[in-house]
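Alright, structures below, take your time with them.
Both of the next two complexes hold chain A, though its partner changes from chain B to chain C.
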Partner chain A sequence: MNIRIVGRVLGFIVFFVGLFMAFPALFAWYYGGDDLQAILLSAGLTVAVGGAMVLVFRPKGELLVRDSFAVVALGWVLASAFGALPFYLSGDMPVFTDAFFESMSGFTTTGASVLARVEDLPHGLLFWRSLTHWLGGMGIIVLSLAILPMIGVGGTQLYKVEMPGPTPDKITPRVQQTAKTLWGVYLLLSAIETLLLLAGGLNLHEALCQTFGTMATGGFSTRTASIAGFNSVFVEAVVIVFMLLAGTNFTLHYHSLRGKPSSYWKSEEFRFYLGIVAVFTALLAVNNLLAGTYKAGEALRHSVFQTVSITTTTGFATADFGSWSSSAQLILLFLMFIGGCAGSTGGSIKVLRAVIILKQGLVELRKLLHPRAVIPVRIDGKGVPPGVVINILGFMFLYVGLLMLSTLAMTLMGLDLVTAFSSVAASIGNIGPGLGGVGPMEHYGHIPLAGKWLLSFCMLAGRLEIYTVLVLFTRDFWK
Partner chain B sequence: MSLNIVLFGLGQVGSHLAQVLSRESHNIVAIDSNPAKCREADECLDIKVLPGQASDRRVLEQAGIENADMMIAVTGNDETNVLACAMAARYGVKQKIARIRNPEYFDNPPRFTLADWGIDLAIQPELETAKEIVLLVKRSAATDVLEFAGNRVQLIGVRIDATCPLVHKTLESVSREYPDKVFRVVAILRGAATIIPVGTDIFQNRDQLFVIAAADDIPGVIALLGKSDEKLEQIMILGGGRVGRATARLLDDEKDLAIKLIDADAERAQALADELHRTLVIHGDGRDFNLLATEGILETDALISATDDEETNILTSLLAKHLGVTKTIALVNRREYLPLMAPIGVNAAVNTNLITSNAILRLIRRGDVVSLATLSGLDAQAVEYLAHANSRIIRKPLSKIDFPKGAMLGAVTRGEEVIIPVGDTRVRPEDHVIVFSLPQALPGVDKLFAS
Partner chain C sequence: MNIRIVGRVLGFIVFFVGLFMAFPALFAWYYGGDDLQAILLSAGLTVAVGGAMVLVFRPKGELLVRDSFAVVALGWVLASAFGALPFYLSGDMPVFTDAFFESMSGFTTTGASVLARVEDLPHGLLFWRSLTHWLGGMGIIVLSLAILPMIGVGGTQLYKVEMPGPTPDKITPRVQQTAKTLWGVYLLLSAIETLLLLAGGLNLHEALCQTFGTMATGGFSTRTASIAGFNSVFVEAVVIVFMLLAGTNFTLHYHSLRGKPSSYWKSEEFRFYLGIVAVFTALLAVNNLLAGTYKAGEALRHSVFQTVSITTTTGFATADFGSWSSSAQLILLFLMFIGGCAGSTGGSIKVLRAVIILKQGLVELRKLLHPRAVIPVRIDGKGVPPGVVINILGFMFLYVGLLMLSTLAMTLMGLDLVTAFSSVAASIGNIGPGLGGVGPMEHYGHIPLAGKWLLSFCMLAGRLEIYTVLVLFTRDFWK
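Up next is the complex of A and B:
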């Protein structure tokens, strides 16, 4: 491993995390909270460590493929560790494990919280919590690539390692330009949502925090009751629309903004994505009506919101779906394993992978009759290379394997099956709320310490799409 | 009038063109980068041969490019052919013809056309071959299908057997017996001999007949010959090379056909599978009988053998015929094999080089020739003429005209009307006349139509 370059890039990442702590400091100062000192101290410490790393590690040689995995995986761990400092130093989360869990949950856009009452946290820390979502949503590495003319050649590799989806494409020839474009689209959509929420009666602090939670498909809110706390159909509608946009491949937004709105409908993945939302909304609405949970209007309203929130892996809630019928909960659990589109801020397996696997299954059926036939899996009319299909099959196996082993570990720590399974599923899928003891109106505070570390690992593995994290545990990597 | 022609490339197509054109007394200078080919052509043909590269200005000037009327670029390399035409355009050559095999050159016509590079006629040999294969699939009873006069007239080849009601009858008696069937038998291939028949000739078992009729009347003619156009639905193509690929592309959109394409190259099979949406692509060796059996050769209606190896194509066609496949079509590029195909039982043979030279010759023949075709395995040509106001052909009824021996007038089209001429038919100006002729009779026919 090229320690000099890896160390330097990691230094830059830590440095940036420190700089961004200036924003929560502003809110802490404005609201006169007692968290200002802790935030400033954390910012200073983080900037100092990051700066020192940049100064100590003088780059030499090139960033190799192997190094890029180390940079991305370690970059996220370091960002989460330093991002935990404000929570820890302020004394609001006296146990570092809790602070790290909260920070990792933020950066990976999971949105699982250890807090029983969110309102207890001062405004500055609340803002930082949501800001970690927003930074992690489009990716801290991609952000670094956009800002820094960092490392030239290796940048493309870093971009591909961090971007979600089986085959990330650059939308412009230069990776820095691509990163800037993606962040530009992200910034634009975030700005629009913030303005709409302001119009909906939220103050700037609340509007920004909900926007960060939405656009990053994170799920941290400023209220314990989540979006239900605002009790506004308008706010819910805005959040639904922007959750859907955030769960869409950002390349499509880019093409649409460039004057080709038809690219949405031309994308097979997008059509499936909308289809999934429509079908599951209908299933849930009918289920809630038949079970007598809600009347007609309410059933639709809550079903739409919960479906979109879970599909996009946001994790906001307008209803306590933990109290819904078992079948309704199971329907939501299914959704946790599909997720958003490739190239979106959404987590989980991704619609594209699910579609490709489904089609491959159908191809296998035809191949039983024609053993020597070459039948491609087609997406948007083009054949998917067989290597990509195999890569996805491997991904699925590791995803499920990690899920199973982690669930086993959680049950060994004494959790009940529903809580153990759903907490792991919600963590790997970067969703946030699960079922049972970690339901939408519950929290993760009561999970044992070891369980919090395990779930943090699952969040990271899920956000970086399994391979990037697991490769660090292979023998070949360290040779 | 003889033309000055610069010919690039002395491969199969190039040498065939050189042979035909030099016989028609055009002045040909041929250029090829392969000295052995140059020597061979120099010995066999009455043309001037220069060894050299297309990009070499001196070779071009030595070939007399400044005074050339036409450039024909038929080397094996598309880009070389394009470059040769582009250079010829700078020297003011009027007609530039190039052979282009890569279909991608034709995929983006709105953005740029081949005319931008100075090419007047681009010939896609494999696409032309594929079109002919598709015609043969549609006319399942025919061994050959040629279209004239904007597709209103068809010339088909049919091999008759003992079940045909015409066998042992003379042409005269047949036309008396079936006065409502309007068609003309223009040639009979009996063994290796091409016969331009007269009224007293007798149809024999195993004759291959060449018949001209209006396209709408063809099914009736086929029925009369004791055959029928069965609808071929299960189609198997062996070999995904250029011809196989082009054929599959043409047939891919037809919803009522089930097409299987077998190719032995894994990567090529993958690429074909990506490109063809309805065709089932199978990776395997077309000679593997087990594979053919698994993929249902017994239920197959038509087998198109288009691998790169023509012996394989012929043998798999015979095997398929043996297994009961209705129609077998083989890609056979060696001209020497063509006369054998019908006798040994291959239903139809297509020859890319012949199709290419036909397309080029059609353009080169003088202005009163609209279309021209050579049939595979037959030493004769079908020529579509345009009659002029001062052509000799229009002066008298046909029976009074001294028509050259070895040539026959097959059909006349007048506007939308198709006429199968009889003795008192008179050709009028602007009529299109399709004549079937042995090579030695052609100059005499030319004179009848010259203006």
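Up next is the complex of A and C:
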């Protein structure tokens, strides 16, 4: 590993996390909260440490593939550790584990919270909590659309064609260009949603916080009741639309903004994504009607919101789906394993991978009858190389393996099966709320400390497509 | 499809099922039970229908690959339907669905029962119930070691090397030879276990029934409390050893009997199989000790029995593991997804597939750091072709897909999540007992009728490696 350059990049990340703490400080000052001091102290500390790292580590050589793994994984860990400072130093989360969990949940855009009552947190900290989502979302865009394709990881490999080829073994200026373009899209969509929410009657603080939670597919809200707390169909509609946009591959938005709106419909993944939302909404709505949970209008309203919220891995709630019928809960549990599109801020397995696996399964059936036939899986009319299929299936294996081992560990800490499984699934999938003891109207505060660290690890592993984190634990990596 | 030859083979299957009903008739007569008449009537009907089919369908042409799918799947369905007659006609299971469920559970060697009190069934029917296990086990041996490799399905493909190559597109006499040899091993092991159980104080009826349940990895017992009902450490030890033998690839037994006992240790799958049993036994024993469920000796005794019983997919019980700690229950739930060795009478995913998937996952991690490296997965020192790896991962996908959809259907019938999931997992994996409402000291009698049909389908699909059943639902098959 090139310690010098890795250390320098990490220094920059920490430095910028510190700079961004100026925004919550502004809100703390405006609302006259007692969190101002803690936020300023955290900002100073973070900027100082980050700055020192930048000065100490003088770059030498290039950032190679294996270095980028370290930068990505350690970058998220350091951002979360320093991002936890405001919560911890203010005394609002006196246990550092809680502060770290909340911060990691923010940066990974998970949205799982240790807070029983969100409104107890002062405005500055609430803003910082939501801002971590938004910053994490920025990181994910550059990660999933610029870095991951270059190192050939997972479903996004398909988009490698858009990168200069043959793939170079170092981070090129092209990555910066792609990142800037997509951040532009991200900023633009965020600005539009904020304006719409302001129009819907939210104040600036509320509008920005819900926007951060939406665009990053995070799920932190400024209300304990989540979006239900605003009791507004307009707000719900705006949030639904922008959750959908945030769960879409950002290159499609870019092409669309450049005058090719047909890009959306040409993308097979996007069509499947909308199809999944439509089918699951219908399933849930019918289920909620038949189970008598809601009347017609309400059933559709809550079903579409919850389907979009879970599919995009946002985790906002307008209803306590923890009290829905067990089949409705199971449907939501399934949704947790699909996720947003590749190249979106959404987490979990991703629609693209799910579609490829589905098609591969069907191909295998046809091959049984035609053993000598060569039937490639096609996406957008292009054949998917067998190496990519195996890579995806390997990813699934690691995903399920991590899920199983972590669930086991959680039950060993005394949690029941449903709470243990759904808390892990909601963490790896970066969703936030689960079922049982961690349902949408519950919180993660009562999870044992060791469980909070484990779930923090799951959030990170899920966010970084597992490979990126697990590779740090292989012997080969440290050779 | 070659209706004539398929019909004729199915006729033979039905005919032989009828003939085998003579054995339960003998026991019914010996014990003077009122089930004799129903058994004789069923036998007569079954032999007549089977005989008529053999006479009506005159063979013409060869049995091709696609015909063999129909023979295998329909053969199991017909055997189960006619096998249900004794239960139904005797009036002991007045609902045909129950009788069919019990019979399908028997022939697929699942061992899930609708009976609340097993002892209520007369001796003849009890014997027939256990005999369906043993006959199903015979069918599986020829299926997994002779037919499946020829048509290139699943993990057993690896053993194709032992078949004459290049693989012909019709069922050869060689299959008959292989089948006879392995049935010899099956008979021999069954005879030895029966003698040992007689020595352990069981009467002939009990000894044979438990042997059938063991050697077929079925799990039907003659006691409601399962093996715990005999309250004998010796009986438990015998059953453990023979469950392990039944879960082993039968070709290894054959090689061993021919003077090469080293075959066992040379097989990587067998080593993993023993390793899994050892590791999970230790995990469960420690868990049961720490949770205070048992004292030292008892903890080990029940842990080893339950681990072997679930790993081999037998489903016998010496303890109510439904009342163990939630982590212990989860460990058993994981075990339900491994299963016995390929080429054994065990069900579920099979150790060989699990090992290949595990190795493939590790290879993918190494490839991240060495993107251009070609690292094949090796089993027994031989490289596994990528096509086989994809096939196995495709199998896993179908397995999980069937599991999810069926679980959803079960929750729609009003079952809770744990009962719904574990009943489906225990059915597809051909295990028998699950958790919650279908735990080891519970039964399947209270499952809604539609649920019993669905679970029957799951048992069949799981038993026939899913592909074999699903392919019948593809358009290509009927072209």
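Heads up, the rule we're going with is that the second predicted complex is superposed on the first by the 444 of 479 C-alpha atoms of A that agree within 3 Å, B and C clash if a C-alpha of one lies under 4 Å from a C-alpha of the other, contacts with A are read in each partner's own complex, and residues count from 1 in each chain.
Simple rule for what comes next: a residue touches a chain if its C-beta (ideal position, glycine included) is under 8 Å from a C-beta of that chain, and two chains touch if they have at least 3 such contacts.
Just so it is clear, the structure is predicted and the values come from calculations on it, not from any experiment.
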Chain C versus chain B, contacts on chain A by residue: C
Which of chain B and chain C A:P386 touches, first, second, both or neither: both
Touched partner set for A:R372, first chain B, second chain C, both or neither: first
Touching partner for A:A278 - first (chain B), second (chain C), both, neither: neither
Touching partner for A:Q360 - first (chain B), second (chain C), both, neither: second
First, second, both or neither for A:A22, with chain B first and chain C second: neither
Which superposed partner A:F334 touches (first chain B, second chain C, both, neither): second
Doubly contacted chain A residues - partners chain C and chain B: 370-371, 386
Of all residues in chain A, those that touch chain B in their complex: 370-376, 378, 381-383, 386
Residue ranges of chain B in contact with chain A within the complex: 266, 269-270, 272-274, 277, 280-284, 291, 294-295
Touching residues on chain C, where the partner in the complex is chain A: 65-66, 69, 151-153, 287, 325-327, 329-331, 334, 357-358, 360-361, 363-371, 386, 389-391, 393-398, 401, 404, 407-408, 411-412, 414-418, 420, 467, 470-471, 474, 476-477
